[in-house]
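Structures follow.
In what comes next, chain A is part of two complexes: it sits with chain B in the first one and with chain C in the second one.
Right after this comes the complex of A and B.
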């Protein structure tokens, strides 16, 4: 099905924008709504879920080194149970990608291409991602490798340029309402950290599998640090108003004005962000195509790429009458749904697999 | 209510996908071809509905986790 190989570094570079891209868009505002000025702690707390998820993924991968979750759940749960579970995963990922593409489209249409129909914005992105996915995992790895440095350096430059506007006193007094607000603020970002479960679809294609866990953990740490820095920078600039913004990073960037030359860097920010979103949607697209093909026992995932693209665009509209409904889903359903599908169910799978393996060994010995 | 624009656009896209992909898929197994056409058919049929105002997977999920949603919106 997939003959390409990637390195574990490439894997880490692919998964980093996959989590960060959308997590720095609206999530700082949502976190600020619950955690107020303690919003910097929430990503740290949320990253715990990320570390746990990567650990579970790695343990599952050790038991079934050459298979993705769609394949090995059949071995753990039996033919029928495995297929049902596989369906649940596809039923989770395909609408999730739709919602993701819609968030992308709403951001672009809302901030920049005000007169462009949103279906065109989303459709062109899906088209582009479909070409990448068609190239296979190696192309995906190289695309991520190409854009990753631009994304990181761009982010560092933007934050540096923004630093003259920092009001450090904004985050004081710390822990005025105890630690509970930061914990509640961690719920939504934790949903992004559960997405590290996507690694289960990438690990079988690593050329250096023994390093997978190390790079996965490093990636979680990098995402956590990025979110802490972004949340802090935004709050230093916007203060209490952070929670009322839809895209707080964009609002913060508008404050940049250096020597009357570096002005209006919103467009640069958007360009950087699109690079991240492009990698993110491509990784999700690849996982969905690979998963669907494995679930249907096809010989290749390429026949389902284009039909899935249509479904993604349809799911981006389905039951989302407005932009508000789309972003509300991230708060009221995605955190628990994502946690259940990407951390709890994998944990159950792992427990069952380990227990069955132990029982199997015992019966062989006696 | 049908949204004719979306339906016609989808029809054209489905046709284009078949035209461009058929030469590549021709040599694949029967199962691959079946999956390809079934998924296209699902996409095409879905385009006939007024999706934004129709209950779908995300509505079901929101309903399923309603207590959680209430907790988050407090």
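Right after this comes the complex of A and C.
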């Protein structure tokens, strides 16, 4: 089905923008709403979920080294149960991608291309993602590798340019209301950290599987650090108003002014962010295509790419009526839904698999 | 022609067998020379009927044995034939009975003599300028190393100049080209596989590589792809390139062409293969990555810091060449807020009289610039100045004064033009030139988003491409830390101790480690 191999570094580089790209857009505002000036701690707490998810994924991967969750859930739950679970995963991911594309389109149309039809913005992105998915995991890995440094360097430059506007006293007093606000603020970001479950679809294609866990954990750490830095910089600049913004990073970037020449860098930020969004949607797209093909027992995932692409665009229209609704879903439903699908069910699978293995061993011994 | 020849041969062969030949010859491949001298002569005459440039010179060896020299006028050394073949054999009379072979050894002062025994070989030999000598009572013909044809001398490469480094360039003669390489790489590990491609042109093609450095699988793959070519003629190495490259519809070249022996040798030393084609100064190098196309030989003949700096300048202008007009369009049309107010005002003032939107203005300018450039390439030299005057006046001044084009647009086009000249490989520059136009259209319709979409599309394309199994963007994607030393910056030579690694196994170390100059090393022997 997939003959390509990627390195574990490529895997980490693919998964990093997959989490960060959307997390830095709206999440600082949501976190600030609950955690106030302690919002820098929330990603650290939330990353705990990420580490746990990666651990679960890795344990599952060790039990079934060359299979994705769609394949091995059949071995754990039996033919029918496995197919049902596989369907559940696909039914989670496919609308989720629709929602991703929608929030991408809303962001672009709301902030920059006000008169452009959103379907064009979303359609062009899906088309590009379909191309890269068609190229296979190797191409996806290389594209991510190519864009990753641009994203990181861009982020560092933006934060550096923003630094003259930092008001460090914004984050004081610390822990005014104890640790609870930070924990509350961590709930929404934790949903993003559960997305590390996607690794289960990438691990079977690693050329150096023994390093998978290490790089997965490093990726979680990198995401956490990025969110902490972004949250802090945004709060340093915007202060208490952070929570009232839709895309606080964009609001913060407007403060940049260097040598009276580099003003209004929102468009540049948007351009950089598109690269991240592209990697994010592509990784999800790849996972969905691969999972669908495996669920249908196809020999290749390429035939399902185009139908899925159309489905994604459709889902992006079906899922939410407006950007407000999207953000409501992100706050209310997704933390639970994502946590359930990407952490609890895998844990449940792992437990069954381990128990079964123990029992199997015992029965063999006897 | 060969097809006809073999038909002819099979016809004459039939006659031959009818006129009673020994049975053994029937078992041999068809086109062996006959025992009978007359029959051989007859066959050659029928093969070369209506070829006025083929000369048949018959004479008597020592007044006794009949002999014949066949050569092509202008390809063979006529003086040599006279002095070294005809003169010694016609002048002297044989004192004693000598075998023909002995005679050749002792009487003919020609250093390269090859014994051949088929018509095909004879025809090849004649066609490449080696006269053949036929003799009564001999089964074999002799190919004499007396070729001499007009060729261009070794000149400075026209398309790849430089300040420092060898001034020698390849030329149209394969023999000279191989010798230029051999003069640099003297080790016998440098192998050169000959082959002939083209049914009618029978162009000599040489696949050169260094045994032990180049991956065996790679050489096999290239040689298989070369052997697969069945074509009537090869006129330029581009014919070969298009036949063996991985992706024909990509704007980016997947094979490097160079007319500099030092570049060919540098690539051979990195484990790549070089394909030399007779009749063109451009040799092919495979496999390559995208970065080979934007590196110049002079990067290596300069101090490392300068090399790095110039390399980055080149990367920067590569981006300019691809994106500047599109960025200009996008910013003017969609993202005016990005431009500082003062600059925006002056741009708006100069655009006030222009009746076109930025995208149309840019397209007009870019297309006319490309037209000027294309016109300049193939123009007779005497008219060249006319084009530049017309270009400078019409495009530069008149268009602005007439209010058709704004002055900033002219500046943008000019900078883009200069930027595209900075790419050392012409073919890579062409790819960028071509891609500029679709990006401009996207920038005119979707602004920065369109530009980003185009960049992503190009990135996907580049990432999915391979050149003979080598990922096109390696060592950047997939990342190979050790090879970045020659891509993102140019390390001092003593740090470049490992070769780039392609597919398969290869010899990794190019020099001993620890060559860094320091007071402890060399010179000071007092310790």
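For the reader, a short list of remarks on this structure follows.
The rule is short, and it goes like this: the second predicted complex is superposed on the first by the 365 of 366 C-alpha atoms of A that agree within 3 Å, B and C clash if a C-alpha of one lies under 4 Å from a C-alpha of the other, contacts with A are read in each partner's own complex, and residues count from 1 in each chain.
Just so it is clear, contacts are C-beta pairs under 8 Å (C-beta built on N, C-alpha and C of every residue); 3 or more make two chains touch, one makes a residue touch a chain.
Source: prediction; values computed, not measured.
When the two structures are aligned on the shared chain, A:114 is found in touch with neither chain B nor chain C. With both structures placed on the common chain, the touch criterion links A:321 to chain B but leaves chain C unconnected. In the superposition on chain A, contact is made by A:304 with chain B only, not with chain C. Legend: residue contacts after superposition of the two complexes on their common chain; A:278 is shown touching chain C, with no touch to chain B. Looking at the shared chain after the overlay, A:336 reaches chain B, while chain C stays out of its contact range. In the superposition on chain A, contact of A:265 is made with chain C only, not with chain B. In the overlay built on the shared chain, the residue A:95 is in contact with chain B alone; chain C does not reach it. By the touch criterion defined above, A:80 lies against neither chain B nor chain C after alignment on the C-alpha atoms of chain A.
Looking at the shared chain after the overlay, A:135 reaches chain C, while chain B stays out of its contact range. Note for the complex: chain C touches chain A at residues 334-335, 337-338, 340, 446-449, 451-453, 456-457, 459-460, 463-464, 471, 473, 476-479.
Those residues of chain A that touch chain B in the complex are listed here as 91, 95, 99, 119, 187-188, 292-293, 296-300, 302-304, 306-308, 310-311, 314-315, 317-321, 329, 331-333, 335-337.
Contacts from chain B toward chain A in the complex involve residues 6, 9-10, 13-14, 17, 21, 24-25, 28-29, 31-33, 35-36, 39-40, 42-44, 46-47, 51-59, 61-62, 65, 68-69, 72-73.
Chain A meets chain C in the complex at residues 7, 9-10, 108, 112-113, 116, 120-121, 124-125, 128, 131-132, 135, 138-139, 141-143, 145-147, 260-261, 263-268, 270-271, 274-275, 278.
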